[in-house]
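Two complexes are shown next, each including subunit A; its partner changes from subunit B in the first to subunit C in the second.
Then we have the complex of A and B:
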C-alpha cells in the first residue's frame, strides 16, 4: 500500500512526540534529582553529584533490598512458569472442551483483580487466628498458630504465593491456548511410538512452544518488577526487612521515614538502568 | 492411565476452587457482622447484614475515591484511544524503517520501574502546582494507556485482511476514510479487548496514585488501603466490602478480555 498520503505522519508523529515527552521528562529529571540532595521537608537543595550513589553502596539496607528483589524475581517467575505449564498441560490432557472453557474463565479472574484487592484477600486469609487459609493448619494441629506473614523465613513466599495465584493461573490459560494451536500430527506420531503422555509434552509439545514460552517468561519478569502494591499492603517490607524490595525501600526512604527524595531517586535511577539494560538485551535475544 | 487422569482432574478442580474461593469468601465476609468473621472456625451459616456495604457506599472518602478513579481512568483511556489507535494503525499499515524502533520504544516504556517515574513526577507536579490533582494523574496515566493500547492494537490492525482495505481504495476512499470506515469497524472486537485491558491496568494502578496524591486526588485503591491502616479498629466486614467494591469494575470486563485472548490465539493458528 505505497500510496502518497499524509496519514502516517499525522497519526504517528503527535503520539510518539507525546510519549517521548511524557517518558523522557521524568526519566531525565529522576537523574537530575538523584545528583542533588533534595528533601521533602525543605525547598532548598544543592548539587551533591554522585555522593548519593556512593552512600547507596555503603547502605546495608539497600544491599539487602537488592537481594530481596532478586529473590522475589526468581521465586515468582519460576513458580509462575511451573504452575502455568503444569496446569496448562493438565487442562490439555484431561479436561473436556466445555470444562476447558470454564477453567479458562475461572483462571483469568485472579489476574484481573487490583493487586491491592488480591493482597487484602490473602492478608485476611493468612491471618493466624481467623484466616481461612490457616484454618486447615489450626484444625489439623488442634489450634496451633501459624502466621506466615510475620515470620522472616516464610513472609516472602507467602506474598509470592499471591503473585503466583494471579499470574500462574492466568498463564496456564495461555499455555493451554498455545498447546491448542499446535498441529496434531507430531503428537499422533509420538503416540504411535508408544510415548507416554508426559514424554510427549516434555519432548515434543513444549520444545515446539519454546519461543512463546520464553516470551511469556519475559512478560512475567517485567510484571514481577511491579510487586510494590502486594508488599505494601501485606507486609510493608516486614518483618524487619525480610520482604523489603527495592521499590519498597525507595518508597520508605522517600516518603515514610525520612523524605529523602534524592536518595530514593538515586535508587530508582539504578533500578531503571539495570532493568532497561537487562530487558533490552533479553528482548533483542528473544526477537533474534 | 486411569488413576493418573483422575488425579489430574482432581488437581484441576482444586486449582479452579483456589482461583475463585478466596474472592467468594471475601464477598461473603462483606455480608457478615464482625462476630461472624472473628471466629476460630470459619462460619458458613450466618445472618447476613447490609451494614458494611451501606457504610462503604455512604462514606465521602470512598465516593470521592470512586469518582477520582472513574474520571482519571476514563480520561486516560480516552486519551489512549485517541492517540494510540491511529498511531498503531499507521505503524501496522504504513511500515517504514522506524516501525521496529517505534514498537520497541513503546514496549520499553513498560520496563521503566514505576518508582522511577513517580518520584520525579511528584517533584515536577509540586513545582507546577498540579500535585494532588486529577489532571496530573490523568497525564501520568496517559503514558500507560497510550503505550499499552498502541502495543496491543498494532497486531489487531495487522490482522485486518488487506484485500478489504485495497478494495476500499479502489472504490475511491481516501487513506483517512479507510481507517475510519474499514479498519476501525473490522478490528473493533480486538480493539475493544486492548482498550479494556488498558482500563484494567490503570484502574488497578497503585504506586503512582499513592505518590501523586495526598488528599484530593486519591483513587479508590488508595482509599481502600488506607482503611486497613486504621488497624483492627475498622471492622473486617467493612474492609471486605471495600475490597469487593474495588474489584468489581475489572471483573465486568472478564467476558471481553477472555474473548480477546481467544481471538489473539485463533489468529496465530491460521
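Then we have the complex of A and C:
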C-alpha cells in the first residue's frame, strides 16, 4: 500500500493559491466592472448588467476591431510560420555549420529588441521621403511617393511585417535547431529513394516536427494577441481604424478618449471568452 | 531697578526666542520628499533639470520628471489622477484642463502659488487658457496662437505674394507644389486626436462661421463643418508626404527640412524656423498672421497641482512652490538665453530688449498681429477630449480615404455629441 505523504500538497497548494489570486482577482474584477457603467472622470456608477455588451455589438468600431484582430492573427501567424520554416529549411540545406551559427546570431537580434524600439525603427524606415524601406520604391519609380503606414490597404501589412521580422527570424533559428536534432536515417533513406530536397522536407522532416511546430504556432498565436505596443507606436490604430485591434480599441476607450473603463472591461471580457474558446477548440482539434 | 531689569531680561528672551523660531521656520524645508512630475518632453523642462540643485536648496527636496509624448502623457495622467495618484504635478493642456478641474484631479493653482513669483506677468492669452470656471489651474510652460510661416524664396520664384486671405491660400497652395523638386504647397496634420488633426481643422471650421452649439443643441454637422472639412481635404492633396498620418512633428519637420512652402502652425514653429540647429531654411522665411478669416488656435500647456498625491496642505504648497520656481522669471530668462522660443510665456520676457535682439523685429511684429486673431476654438468642456478624439478618427479616415462621406461622418459625430450632451 502506498504511503500517504503531504509533500505534494505542501508544494502545490501555495503555488496554486498564488496563481489563483494573481489570475482570478483581476479577472473577476474585470467581469464585475464590465457589468457597471464606471468612468474615470466620476466616482459615481451603477449596475447596467449586460448593457455594455449589447452596446458593443452595435458599435461599428468594435466590430471593425474584431475583424482587424482576426486579420492580424491570421497574417502574423501564417507569415511567421512560413518565414520560419522557409528560412530554417534553407539554412539547413545550403549553409555550412559555421555560416549557420552566424545566421542564427543575426536572426536572434531582432527579437531581442524591445517591441517599442523595433516599432520606432520601422516607423522611420517606412517614412515616405526618408525611409530606407521605401527607398527602393522611390528609386525604381523615379521618386514616386509610397507611404505604407497611411494607406488603409497596406498599413496592417506594414505593421505585421515588423512582427514577422522579429518572430519569423527567431523561429527560423528554432526550426533549424529542430532539424539538426532529427535522426539522419529517415533522411538518408529518402535520398536513397531519389526523393528531391523539397520532398524530403515536405514528407519526412516537417511531419516528424509536427508537434514542436504546432507548439511554436500556439506560442505565436498567443504572442500575436499582445501586439498592442507595436501597433500603438506605428499607427495608433490608424489610418482611421484600419489597424485598430481589440486591445487598441479597449485602451482607447478606457484611457485615451472617453475614460469608459466599464466599456473597455466588457471588451476585455469578450476577448478573454473568445480566446479561451478558440484556443480550446484548436487544441482539441490538434490533439485529435 | 530690579523689575525693570526683569522686564528687560524677559523682553530680550522673548525677542531672542521669536528670532530663533523665525529662523527655524524660515529654514524649515517646504518639501519633505522629491516632487514627482508627469510631463511631456519640452526643452524648457530639460533645461530646468540642470538647475535641480537650486530647487533642492530652495525647497529642501528635489524633483523627478517622467516624460511621455503628448497622447501618452494625456492617457497616463488621466489614469494616474483617477486611480493611484502617483504624481504631485501634472502637465496639463488646454484640451484637458476642463476635465481635470471638473473631476477634481487638480486643485486651483493660485491658492498655492507664492505671490512673489508674479503669476500676473504671464501672457494674458495663456492665463485665459489656464482659467476654467473662474479659477486658474496651471502655470504656462508654452502657449500662444498660430502664425503663417512661408518660404520667401519659393513664393518669389513662383511669382506669388504671401496669401492674405483663405481664398488666396487655397488658390496658391497647388501652384507651389512640385513633387519632382521635393516641394509641397502646405503641411497639415492628419493624425487622429483633438490636439492633432482636429486642432488644425478647427480654424477652418471657425473661419466658415462654425459654432459647436445652437443654444443647447449640438450642431457638429453644420454647413460650416462640411465646408471646413472639404477645404481641409482639398488642401491635404498638396500636403507633404508623411503628414497624412502625422501631426506637429511631421508637418513642422517637413517645413524645417525645406520641403514645404507655406505652413500655418502654432507659434513655437517660428522660433524653431530661425534656429540653425533645428532649421535648414534659416534666412529664407517670412512670418504673417494666418490668412483671414482663419483664427489662430489659442493654446497653452502648463503645470498643475495634483489633488490625490498631495493629500495635505503642506504637499500642495510644495507642489505649488515647484511650479512657481519652474515657471519663474529667472528660469524663463535661462530659456531665453538658450534660445528656447517656444518656452517663453512671460510678458516681461517677450517684451524685453534681449528677446528683440535674438528674434528680430519681424517676428515680434507678426506675434503682435497674430495675437489679435487668436481665439479659443475648441469647446471648453470636460467632454471635449472625448468628442474631439472621436472627430479626429473620422477626420483621419477622411484624410486617408478609408471614408469618403463627409456629411455622414459629421452626422455620426453630431449623434455622439447629442449623446454626450445628455450626460451633463
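The criterion applied here is as follows: the second predicted complex is superposed on the first by the 265 of 288 C-alpha atoms of A that agree within 3 Å, B and C clash if a C-alpha of one lies under 4 Å from a C-alpha of the other, contacts with A are read in each partner's own complex, and residues count from 1 in each chain.
Note that a residue touches a chain if its C-beta (ideal position, glycine included) is under 8 Å from a C-beta of that chain, and two chains touch if they have at least 3 such contacts.
Note that this is a predicted model, so its numbers are computed, not measured.
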item	value
Partner chain in contact with A:255 - subunit B first, subunit C second, else both or neither	both
Which of subunit B and subunit C A:66 touches, first, second, both or neither	neither
Comparison of subunit B and subunit C by subunit A residues contacted	B
Contacts of A:128 with subunit B and subunit C, given as first, second, both or neither	second
Contacts of A:235 with subunit B and subunit C, given as first, second, both or neither	second
Touching partner for A:113 - first (subunit B), second (subunit C), both, neither	first
Partner chain in contact with A:190 - subunit B first, subunit C second, else both or neither	neither
Contacts of A:87 with subunit B and subunit C, given as first, second, both or neither	first
Partner chain in contact with A:143 - subunit B first, subunit C second, else both or neither	both
Subunit C-contacting residues of subunit A that also contact subunit B	129, 143, 251, 255
Residue ranges of subunit A in contact with subunit C within the complex	40-42, 61, 127-129, 143, 145, 147, 149-152, 235-242, 251-252, 255-259
List of subunit B residues in touch with subunit A within their complex	1, 4-5, 8-9, 11-12, 15-16, 18-20, 22-23, 25-26, 29, 37-42, 83-84, 86-87, 89-91, 93-94, 96, 102, 104-117, 119-124, 139-140, 142-143, 146-147, 150, 162, 165-166, 169, 174-176, 179, 200, 203-204, 206-207, 210-211, 221, 224-225, 228, 236, 239-240, 243, 246-247, 250-251, 253-254, 257-258, 261-262, 265, 268-269
Subunit B partner contacts - residues on subunit A that touch it in the complex	1, 3, 5-8, 10-12, 14-16, 18-19, 22-23, 25-27, 29-30, 32-33, 38, 87, 90-91, 93-95, 99, 102-110, 112-117, 120-125, 129-130, 132-133, 135, 138, 143, 165, 169, 172-174, 177-178, 180-181, 197, 222, 225-226, 228-229, 232-233, 246-247, 250-251, 254-255, 261, 264-265, 267-269, 271-272, 275-276, 279-280, 283
Touch list for subunit C against partner subunit A, complex	71, 74-76, 78-79, 82-83, 99, 102-103, 179-180, 182, 190-192, 240-242, 244-245, 254, 259, 382, 385-386, 389-390, 393-394, 396-397, 399-403
